Amino acid sequence: MAKVVFEERSDQIFEKGEDRPFRISCDKQSLAGAVSQRACVFCGSRVVLYPIADALHLIHGPVGCAAYTWDIRGALSSGPMLHRHSFSTDLQERDVVFGGEKKLERALRELIARHRPKAAFVYSTCIVGIIGDDMAAVCRKIEAEAGIPVIPVMSEGFKGNKRAGYAAACRAMARLIGQGPTEGISPHSVNLLGDFNLAGETWIIKRYLEQMGVEVVAGVTGDGRVADLMRAHGAALNLVQCSGATMELARMMQRDYGTPFLRVSYLGVDDMAQALYDVADFFGDPLMAARAQELVSRELGALYPQLMELRQDLQGKRAAMYVGGAFKAFSLIKAFRLLGMRVVLAGSQTGTEEDYEELARVSDPGTIIVDDANPLELMNYLLEKDVDVFVGGVKERPIAYKLGIGFCDHNHERKLALEGFEGMLNFAREIHATVMSPVWRFTPRRMALAKEAAA
Amino acid sequence: MAKVVFEERSDQIFEKGEDRPFRISCDKQSLAGAVSQRACVFCGSRVVLYPIADALHLIHGPVGCAAYTWDIRGALSSGPMLHRHSFSTDLQERDVVFGGEKKLERALRELIARHRPKAAFVYSTCIVGIIGDDMAAVCRKIEAEAGIPVIPVMSEGFKGNKRAGYAAACRAMARLIGQGPTEGISPHSVNLLGDFNLAGETWIIKRYLEQMGVEVVAGVTGDGRVADLMRAHGAALNLVQCSGATMELARMMQRDYGTPFLRVSYLGVDDMAQALYDVADFFGDPLMAARAQELVSRELGALYPQLMELRQDLQGKRAAMYVGGAFKAFSLIKAFRLLGMRVVLAGSQTGTEEDYEELARVSDPGTIIVDDANPLELMNYLLEKDVDVFVGGVKERPIAYKLGIGFCDHNHERKLALEGFEGMLNFAREIHATVMSPVWRFTPRRMALAKEAAA
Amino acid sequence: MTREITSPDYVSTTNACKLCMPLGACLAFKGVEGAAPFLHGSQGCATYMRRYLISHFREPVDIASSSLGENQAIFGGGPNLKKGLVNVINKYGAKVVGIATTCLTETIGDDVPGLVREFLAEAKVETPDGQMPALITVPTPAYGGSHVDGFHAAVLAMVSQLAQPTPAHGGVNLLPGFVSPADLRRLATVTRAYGLRAALAPDYSRTLDAPAMATYEALPAGGVSLNQLRAMGGAKATIELGHCLPGRSAGSWLEMYLNVPLRSLGLPMGVRACDALHQALRELSGRDTPEEIELERGRLIDAMIDGHKYLSGKTAVIYGDEDMVVGVAGWLAELGVRPALCATGGKSGRFPAAIAEVTEGLVRQPARAVDGVDFQQIGEMARQIGPDILVGNSKGYRLARELGVPLVRVGFPIHDRFGGQRLLCLDYQGSQELLDRIINAILAHDQDRHHWGYGYL
Amino acid sequence: MTREITSPDYVSTTNACKLCMPLGACLAFKGVEGAAPFLHGSQGCATYMRRYLISHFREPVDIASSSLGENQAIFGGGPNLKKGLVNVINKYGAKVVGIATTCLTETIGDDVPGLVREFLAEAKVETPDGQMPALITVPTPAYGGSHVDGFHAAVLAMVSQLAQPTPAHGGVNLLPGFVSPADLRRLATVTRAYGLRAALAPDYSRTLDAPAMATYEALPAGGVSLNQLRAMGGAKATIELGHCLPGRSAGSWLEMYLNVPLRSLGLPMGVRACDALHQALRELSGRDTPEEIELERGRLIDAMIDGHKYLSGKTAVIYGDEDMVVGVAGWLAELGVRPALCATGGKSGRFPAAIAEVTEGLVRQPARAVDGVDFQQIGEMARQIGPDILVGNSKGYRLARELGVPLVRVGFPIHDRFGGQRLLCLDYQGSQELLDRIINAILAHDQDRHHWGYGYL
């Protein structure tokens, strides 16, 4: 089996432990015909803004972009659910010919009147970028009329990749920040950036922080509210997870409001604990530090025995992962190690060179690091490394399953909280449930391997 | 097709309008090999006592008798649901050889301790009649121990037919009546006999009576309670529906307590109204009579327009019915007439000669009257009379359906209240729903008829 | 994690998880061509069983009765039995009468085989072809076992009373046990796909799941024919399905008395059990598995993978007739579901070992298998377990409701849903359908209960 | 009783009841043997559609993209298209590439057929057999219609670009429309049962419902072959299913340009529609309906009777793709269910007439048929109706939940249940399964809601 499928992509794959030093090419346009697992600029914007639950999210374009993103993410809201709808201008041929501005204007009026949102995000799509609708002008007009922020998100699909969409989303959110009052915000306060409240994960982190005496001002990208975003500049600190998506917002807030930020991960035992310690350190409050230590030791005391029981079965199993952003992968490698497992493939859609370098650093020798992969490459490495479980999203699932390999959904569609200490237990159980399922012994690949072994 | 299937049964079938005068033979043992639709003595007892919801109903015998009667009837309870369980001694070979008394004794103790019923009925089955367990003695012993009435119901399946079972049940109930206090019972009070609260029908009748100012002391056979039965002798009047099942109890109560009774039917508009008028007449209270008239005219005012709309479609359709007791059939004939329909076959499992004579009297010429029928006879007449709807129970349903004929469940499994004025509307809708269903046009028989008609 | 689940032993039976022997015998006789089931006993038995079977099959189920009364109970039921036979032969046109006894006639001591011999000697009936119908007799006292025992006893009776030494004819005997009409059709199709001619006994796939008719067929078409039954001794093998058969099964009778090699298999549910059936069919036919069936198998494996995460670690309570429970338990174990309780009202004595066998190597804790229990006991044990799902017949509905978990209906009886007779549980396709139903029951339950109501599952 | 149900006309679309054209085209191309679907446009389109299709089919759905960026949008996508074709041919081993455009490439004005001609002339790829792959092109701007329009456009493209004048070969062309893999298998089985060889186009029954494999098939086995497509002109007839096809359908093209007689039928759901299909098969094959199918039909009629009282007078809201809604509406009308609202996001223009046609003579009030609507409008109308049941794809779940009525899932997409790709809706057997599912949904709903929880239904 050819290791390198697409010659043009050979510099986007790195195997750790080779003689040559680390080197990877990334953040490139996907190779035509390679069946990239990546989506587009629009996708990047939509995913970041998605959890703002009391805003109207109107997609200006033909119906597909809106239809494919209708309620596809597990970002929970404790209140309004407006974000779960799919709003579109459903552009038709005549709109493409004569322009869609009037339609957009009327659609905005109609939807704002119906739903009374706290703000509206208007997403541009490929076609809008081509026909040249002045979305910004329409948004200004409706904003003035309706008295709520109406914010254009410039997310034409072809103008870059998903990272460009993150940036557009950050710029859109920046428009809200600074508009609200900041009275009464505790000096021990943070915003949560880059956490999407999948399966209620934000609530777990919030609970930890509150137990430490830290106020969460805005779940910027998780259980988000327009009013919270507007006063987010009043928080003392930004906690940034999933660097790719919200780093730009953190940098803007640092620039504009002087809000410092910490990069954190809530995945896995070590990183979760470190995040809490870092927050306590930041605020320099010994009582808070003590609370953090108490919290961590209480949680670990409950968690470890269960993890160790699961580890007995998982010891020596091999994992692969292909995720949206590379940052998550660092934590997952550690989480798998805690379970006695080895990560043999780690890839991402949108990693940066620094991400991959760090990934290579923390990986075991022989680990494949891949940028912007595709089914054929993934299949090759999954088989070559005889992987037991593949961590990815919906698009990666059938690749694993077709090969008879376990799977763990670690993407935005997940329904199981994987962050925090309880999330680590869920993760371990999830990995255990898939790796240890009896179904594998009936799969063609395993049966063939068993036959080989017997012969 | 031979009209008479079984020569031995020719005297159990009568076609009205023939020259010879009315004559029918009935209340006979079923013909061997004829596949009678009848059940047995045990069935008769079990159906009458079934709705006493706070009593334990223990079936002494092999498992079948109990298993086949587990929760099969739609007799609703407003409170306890003990009657919906199926309790049995599940006699085994060794019990048959060595006798089942000890087992019965222990089973009674166990079940009374577990469920704390207000009384226990112990049903004998075929085998108990043969092996000769002294059920009465066991019941006396446990009654003394447990301090609740423990009443043997002598219902060995082969010792007669279903009517004998009704009688056994009446004797069992008579054991309870007279044991309770009668203070505070209104002089305008009744017991409801022979109504089983199928789909809550007793509650409809109760509501009507209460609106007239009549107190219902005991729903003897509908939403029944042991305590109510115990004080039933305090009621001023017994209303007896479904004559076969509970006439004997009414007669006993007349004999023992001087309680007069009225035969009534709550089915159909005329009979329902008549029942209420008869009650008012009985009590001789002009105010009550006025209330009854008001009630009837209010109900009819709402009902008639709807019935007449349904009648438009049903006019001229033909109905057949095969029911448990013949008394119900009188009301149904009238109910069908109100819908513009004609009853062309009326049969019952347990009619008496007087029942059938009355049935013949109210029937149209040409109507077939049949006692203790079977699938072959029913099939013959259903086809011969080209029936549109067949009224019966679960055992009659597949006969109708296999021939492509509509069906209305008017037996104890029904889930739709058919009594009272609202019941008449339900009945009309039910008949309409089945007769007017488009499915018939696809049935082989109708398609063949349509082809014939076209040719 | 490992709690001992206790099941108290009661004298009384509450909500039995079984029915009586004659019902099973009647059902088996419905699977013989031109046969009328006949109960020698009181009228009520036949009527109750008709009603019960109708509620499941939604078809006419005519069961004749000798309709004994008090006099016959005292003086013997012979005359009524004979009169009944005359009627059922003359009026129903029965070519076969399957006569099952009841507790009444067993206890009064009627010698049914003797009465039948007398009847045949007296020859009071006229048939169009002048041939006397075949009369099969089987003792089925209600106190002697469950409906499943009655079923197997009737199958043994039809085989042992009819099959004769026959020259080899290359066909096979297929004794499916108490499965659904859809299952029977499937077994017939599969066997045919290997080019094998099979005598499927009993086969009520048509008599109890008949098309709409222009008239009432007194004896619906379909069933294993008398000739097929008679020629069973010439088959190259008997495939008999079921782990919990009586020691003296029809298949073992054919092996012992007519030297037909017996292949005993479990109900083909799940990969291992289906593979075993197809292995047998390959060996008997000398043919490979047809591509279409291979693809069904491949899709089933694919579905197991696709679905495994919905099922891994879930806990099931399975109840009903022994072999159906065994089949479901083996299949669920292959899927990673823990069969925490396997319960049956039957009492073949083979049930615990069969559960252990089909779950072997697949479960961490042995599945608890209890036989001879009723729904009182099943309920008490299920409450201790707190299962994620119930799999069994309609009789567990109230327990499922109480526990707040979904019930996936399989087996018999199914009288609170539509199409129980059409439920396919056997072979790869039936396993697939059961798998889909179980996962979807779990998904629907979770989705509806969840505040969020996820749209993608 | 007769309320006028109003559906306001909105400018905005909320929760669309349709998808975009390229998705339908990709799906159709998945039904051609050795074909890779290829989207000429931005990378996101392909990825979103893959994700969407994977959620329904639970299979790999590899869709290539020319992955245009900003430069290509300005200077033309030709070079990327060609590079992508090289990769998909060389690396995926595609023997056919189905190239669909997107709104981006339609709007920038790329001449895809011209680019393909250039590509073929340049011949930059090497294939094992030296044959250039067949390249099919279809214009599918998202703003030009729904996914169903894209599907039919792709079918027309594959037929009109490949079929050639061919001597009569006695086979038939069967154009099934957008149905499930299980439906496709069924259509193939049924056609074969009449001894007819059918070119089923497209046929993704195996590519999108594949068995588990030992390795990843870049292009899964299965699909209508190039040779079958090329020889369609020699067929004795084309059976084309669907009432709501575009005027210029593949079937009409074959009739107009290659003189293949066209038989236009609705989706075979319900007795009348299935009978029409079998009538056509009888006529084309000169054979009678095989007994097994006749029995299936008979059992279906029997089930209609058995079930009619659970359904009579019930009210349904049906939504989804036009032809699926039409099929369900006709079938429900035969069962006595009132299709109070038939709604679709499609806009073929034929939908209201088709609904009227299939329900004709069966309903008292004409079924209300609305096309071009979204779930906002469907919800508003459904709330006015207060239906007993919803029948449609997964997208109505939240509405069903809000209304507190059961949703029976049919059509596409089904992503909140397991086995959507295996749902059989067509022919007598599929109609039977849908009937059972609908009745059981109603029974389960009533049973669970009822205080009493009846055990017999």
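The first chain written gets the first letter, and so on, giving A, B, C and D; residue counts start at 1 in each chain.
One rule holds in what follows: contacts are C-beta pairs under 8 Å (C-beta built on N, C-alpha and C of every residue); 3 or more make two chains touch, one makes a residue touch a chain.
Protein names from UniProt, one per chain: A, B = Nitrogenase iron-molybdenum cofactor biosynthesis protein NifE; C, D = Nitrogenase.
Since this is a predicted model, take the numbers as computed values, not measurements.
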Between the pairs B-D and A-D, the one where more C-beta pairs touch: A-D
Averaged-CA centre spacing for the pair chain D (Nitrogenase) and chain B, given as whole angstrom: 53
Inter-centroid spacing, chain D (Nitrogenase) versus chain A (mean Cα positions, whole Å): 33
Gap in Å, rounded to a whole number, between the CA centres of chain D (Nitrogenase) and chain C (Nitrogenase): 39
Whole-Å gap between the CA centroids of chain A and chain B: 66
Contacts with two or more other chains, residues of chain B listed in rising order: 70, 72, 394, 401-402, 404, 443-444
Multi-chain contact sites of chain D (Nitrogenase), meaning residues that touch two or more partners: 55, 58, 210, 212-213, 298, 301-302, 304-306, 395, 454-457
Pairwise chain contacts under the document criterion: A-C, A-D, B-C, B-D, C-D
Touching residues (chain side chain C (Nitrogenase), partner chain B) in the complex: 10-16, 18-20, 22-23, 38, 41-52, 54-55, 58-70, 72-73, 80-81, 83-88, 91-92, 102-104, 107-108, 141-144, 146, 210, 212-218, 395
Touching residues (chain side chain B, partner chain C (Nitrogenase)) in the complex: 5-6, 29-43, 58, 61-70, 72, 85-93, 95-96, 103, 106-108, 110-111, 125-127, 129-131, 157-161, 375-376, 379, 383, 394-395, 397-399, 401-404, 443-445, 448
Footprint of chain B on chain D (Nitrogenase) - complex, ascending: 271, 298, 301-302, 304-306, 308-309, 312-313, 333-336, 362, 452, 454-457
Chain D (Nitrogenase) contact footprint on chain B (complex, rising order): 70-72, 74, 76, 394, 401-402, 404, 407, 413, 415, 429-430, 433-434, 436-440, 442-444
Interface residues, chain C (Nitrogenase) side, partner chain D (Nitrogenase) - complex: 55, 58, 206, 209-213, 294-295, 297-299, 301-307, 310, 394-395, 397-398, 401, 415-419, 422, 432, 436, 439-440, 443-444, 447-448, 453-457
